[in-house]
Amino acid sequence: MEKIRKFFQDKDLLARTLGFELLEVGEGTAKARMTVGQMHLNAASSGHGGATFSLADFAFAAAVNSHGRLAVAIQTSISFVKAPLEGDVLTAEAREIALHPKIAVCDVAVRDQAGDLVASFQGMAYRKSRELPV
Amino acid sequence: MEKIRKFFQDKDLLARTLGFELLEVGEGTAKARMTVGQMHLNAASSGHGGATFSLADFAFAAAVNSHGRLAVAIQTSISFVKAPLEGDVLTAEAREIALHPKIAVCDVAVRDQAGDLVASFQGMAYRKSRELPV
Amino acid sequence: MEKIRKFFQDKDLLARTLGFELLEVGEGTAKARMTVGQMHLNAASSGHGGATFSLADFAFAAAVNSHGRLAVAIQTSISFVKAPLEGDVLTAEAREIALHPKIAVCDVAVRDQAGDLVASFQGMAYRKSRELPV
Amino acid sequence: MEKIRKFFQDKDLLARTLGFELLEVGEGTAKARMTVGQMHLNAASSGHGGATFSLADFAFAAAVNSHGRLAVAIQTSISFVKAPLEGDVLTAEAREIALHPKIAVCDVAVRDQAGDLVASFQGMAYRKSRELPV
């Protein structure tokens, strides 16, 4: 699992651009974290939905790829329930809820440092036949 | 409209971080563009879903705020149908399909330079009573 | 709560058409049940996604209306992870995950008699200012 | 195509229960219709989201199966933008926007007799290797 965590932490260049940390990867689970900085703000000066989404998507990708087979996102939905502010620390926890030969479904809860729900994300991935090149 | 376009182009810091351009804003419409660079790649070396999402979300935000009243994203769904590659130029075209006093719904199609659909996004926004501070 | 449960059980005519039972309603929660019959089948002779959705939506409606203020569905997403068969007993458990003055978000898990996840639903409701006419 | 239309019209038992008509099926397209009756109402006496969803899902199923290979719904999202009333005639028009060997994506617009958008639906289907048993 540490190999897979390191692979995503090092090779996911958008996650690096945005300063995301991949804290843990388990069987069908993953946890990622970011601190909302200036570069993540939207025009209303809150944390951008695109940054929150990208953090959730990063945890989702690690979770559905944790089995060692390449899985790619095909559909995701997200509800935004609290606007994060600059300085907030957001943690995305991903947990697979269905795993089929071709399809995986994963829930991701994004919470702030107070434990408040910021966004609820669900993603569906298509599992290819080739291995993840870790 | 040019004021609103300039407001989003200048004040949306995530869009600046990711190199997005807001090409046009009309009544309930907007068009944004990006060139997929290294910084936008995922661990599989394609364009990251988070970058594609953020581009679509940027066009969506401009479109639902084009009426001059502050509107914030509350829910979005996206289907990813083609993986973009480094160097691809992606254009997101947003078009409002419903506009109520409190709620707006907007479709965004993201296409590459060949005109192929990369992702189909739908967003719902909650319209606040205060004006956009343009 | 029993008043609200009875109100939905009696007044939701689609739920009656489709033979749904509303088992329980709590603060921001609800549980509904159906047995998959011939009338719920799709052209491939499995339980129809429309029936599974309607059951989840019924539990969602009861949960977000449990506070006594009228709330209407504005957006829902559902992932179908196991095809139900004729004779299966499906239970939808709804649980609110966010409650704001105007917006509520609710997760619904639909499971069969073996406890297997059939579908995962998330709904967003707009809360009107008027009371539920129970 | 008429064979496929007839197959869905005859074999989709939920569609029969709810009085849906499948008007047309083309390559990646379909059109279905219903008149909102008492049996389709929710507890607030408007057309039930479950009925609108089921109509959209019916058109979606016909459209993604129009190529003759069995396709099953795996994920759908729907935004509800106008509450239909008893007596309203709803038409769901489905149009595939992506077709891959394994995955198809389809938009469905549901409109009332005035042409007003009632709901906007997007569905993703998984295409199995076996033929549709028409």
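Going by the order they are written in, the chains are A, B, C and D; count residues from 1 in each one.
By definition in this document, a residue touches a chain if its C-beta (ideal position, glycine included) is under 8 Å from a C-beta of that chain, and two chains touch if they have at least 3 such contacts.
In this text the structure is predicted, and so the values were computed from the model without any measurement.
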{"item": "From subunit B, the most remote chain by mean C-alpha position", "value": "C"}
{"item": "Selected pair, greater C-beta contact count between C-D and B-D", "value": "C-D"}
{"item": "Where subunit B and subunit D are represented by their mean Cα positions, the distance between them in whole Å", "value": "28"}
{"item": "Geometric centre distance via CA averages, subunit D-subunit A, whole Å", "value": "32"}
{"item": "Inter-chain centre distance, subunit C versus subunit D - centres from mean C-alpha coordinates, in Å", "value": "20"}
{"item": "For subunit C, residues that touch 2 or more chains besides their own", "value": "74-75, 77, 79, 81, 103, 124"}
{"item": "Complex contacts: residues of subunit B adjacent to subunit D", "value": "77, 79, 81-82, 97-98, 100, 103, 105, 107, 117, 120, 122, 124"}
{"item": "Touching residues on subunit D, where the partner in the complex is subunit A", "value": "74-75, 77, 102-103, 124, 126"}
{"item": "Residues of subunit D that touch subunit C when the two form their complex", "value": "7-8, 11-18, 38-45, 48-51, 53-55, 57-58, 61, 65, 70, 72-81, 83"}
